[in-house]
Amino acid sequence: MSENFENQKQTLPDNYRHLMDRAIEARKRAYVPYSHFQVGAALLDAEGGVHAGCNVENAAYSPTNCAERTALYRAIADGHEARSFEAIAVVGETDDPITPCGVCRQVLIELCPPDMPVIMGNMKGDWRISTVAELLPGAFSSAQLHKA
Amino acid sequence: MSENFENQKQTLPDNYRHLMDRAIEARKRAYVPYSHFQVGAALLDAEGGVHAGCNVENAAYSPTNCAERTALYRAIADGHEARSFEAIAVVGETDDPITPCGVCRQVLIELCPPDMPVIMGNMKGDWRISTVAELLPGAFSSAQLHKA
Amino acid sequence: MSENFENQKQTLPDNYRHLMDRAIEARKRAYVPYSHFQVGAALLDAEGGVHAGCNVENAAYSPTNCAERTALYRAIADGHEARSFEAIAVVGETDDPITPCGVCRQVLIELCPPDMPVIMGNMKGDWRISTVAELLPGAFSSAQLHKA
Amino acid sequence: MSENFENQKQTLPDNYRHLMDRAIEARKRAYVPYSHFQVGAALLDAEGGVHAGCNVENAAYSPTNCAERTALYRAIADGHEARSFEAIAVVGETDDPITPCGVCRQVLIELCPPDMPVIMGNMKGDWRISTVAELLPGAFSSAQLHKA
């Protein structure tokens, strides 16, 4: 991962700070009776609206949904176009800033612009910024599937 | 499945009709470039609020999310308690009223009361009502897992 | 669920006992660092072959795979036709016989005959038998999707 | 992605050629009534054994399993230790060599050594080699979860 993935000590820019605050707020809603690992996310749309998400677990594990995906799915359900989003923040209680799982990266690459910033944080205030494409290099996408 | 699963010819009660209308509206937002199969859902919370969802597909298929789950996850993210919901409606363009997939039934049993009504419809106006527990008899649940 | 779902006190028929023994053996292979909940499964094909599976968990929860699905996927990968299977046994350490999650029921209805027996057991030797169709009444299937 | 991700024109080393041949063979078993997109995979264990997998789709999309995961889950079910594997090959009919989806990358990082080679190919014979860690930079893993 590129150097901008390194833990940043400087202040997060204000617009991203606001988005991260919404992710921190959303994290409190997490339904996590199995892992007790709360995660929050906040997605910024092209009109400046924010869509909040948290993780929602399931006794059967597989149907568990992550915070990032909750935010993305609800934004689509509210009529926002795929690939119209501008940034997403995600936060959990981790030593280093949390990173999205592979499932969420696959959903990010489907629904967001490849160069969209992904702001990753932890509850101590550490943060990193990467992009959707950097997080899933050489992503599997509809271009591969449509050859079928 | 019990007899109330049979296709109903009588009029859907008004409160469920309203919920189904919201599901029909949400269905238009479906992101379905792979199946072209649009599904909508609407979840009723204990305060009378409605949470709408649609299906959101993915080139990799597995990360696809159904309409019912979109509605449930966003309601949890907005602070509603698990098992506090009152009804869910789901609709698709099917010959008979659509039924939830097994993944959604597993999420319904985790997040909703077992006797919560599930109103299933199609675009011709046919409908059926079942319950969360009827749709997943002898469900795997946290009671089984917690023995671990 | 119908009465044959009731906990059986009589002896499991020999052919199913053999299948359950294979599920119990497969259960030892479970990769479950997160739940510590080991599950095993064994699938009987039309030629009398047995395909064993265990659950395989993931730190991100969603990519977790259940024992039943491991058995089914590997049998397909070995060239067995969908809907050519004859029975599946599944076992976990539960008070009552374990039941498949909704995700597995959705995969069972896709890949197995609807009247195929599902033998569910626990480590104390209790068992129940149901069928694929009984476990997912009014299942969502390709017939609904293909209307698209 | 690093330069070794570039499409290779030279001959694939013999050991990887053999693994790719097994993936090509497994691809024929794919159960893909919905996408018609066949994928095969072959996983090499530490004793030289090969575990083959194909993708297995589902009408409900979410329960679909990819070829790579089929290979990994069955190897675990046969008693191989997590992180004991040596290489995996994956192949599909794509213009450029196919790449694993994010879900599979998350499973690879859980079950394989981070520096394990992932050989990606297409049906024209093009290929690329990357590693498990390169495909999921800054992966979410149990180290993050266990802080919970």
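Read from first to last, the chains carry the letters A, B, C and D; within each, the first residue is number 1.
The rule is simple: a residue touches a chain if its C-beta (ideal position, glycine included) is under 8 Å from a C-beta of that chain, and two chains touch if they have at least 3 such contacts.
This is a predicted model, so every value here is computed, not measured.
**Q** Quick one: which chains contact chain A and chain B both?
**A** C, D
**Q** How many angstrom between the C-alpha centroids of chain C and chain A?
**A** Spacing between the chain centres: roughly 34 Å.
**Q** Indicate the whole-number Å distance between the mean C-alpha point of chain B and the mean C-alpha point of chain C.
**A** 25
**Q** Among the residues of chain D, which are close enough to touch at least two other chains?
**A** 34-35, 59-60, 62-63, 65, 101-103, 106-107, 140, 144-145
**Q** May I ask you to sort the chain touch graph into line, ring, star, complete or other?
**A** Topology of touching chains reads as complete, every chain touching all others.
**Q** Where on chain B is chain C touching in the complex?
**A** Those in contact with chain C are residues 1, 5, 35-37, 92-96, 98-107, 109, 128, 130, 134-140, 143-145, 147-148.
**Q** Help me check something: in the complex, which residues belonging to chain D touch chain C?
**A** Per the touch definition, chain D meets chain C at residues 26, 29, 31, 33-34, 52-54, 56, 58-60, 62-63, 65, 67, 69-74, 76-79, 82, 103, 106-107, 110-111, 140-142, 144-145.
**Q** Which positions of chain D touch chain B when the two form their complex?
**A** Interface residues on chain D, with respect to chain B: 34-35, 57, 59-66, 101-103.
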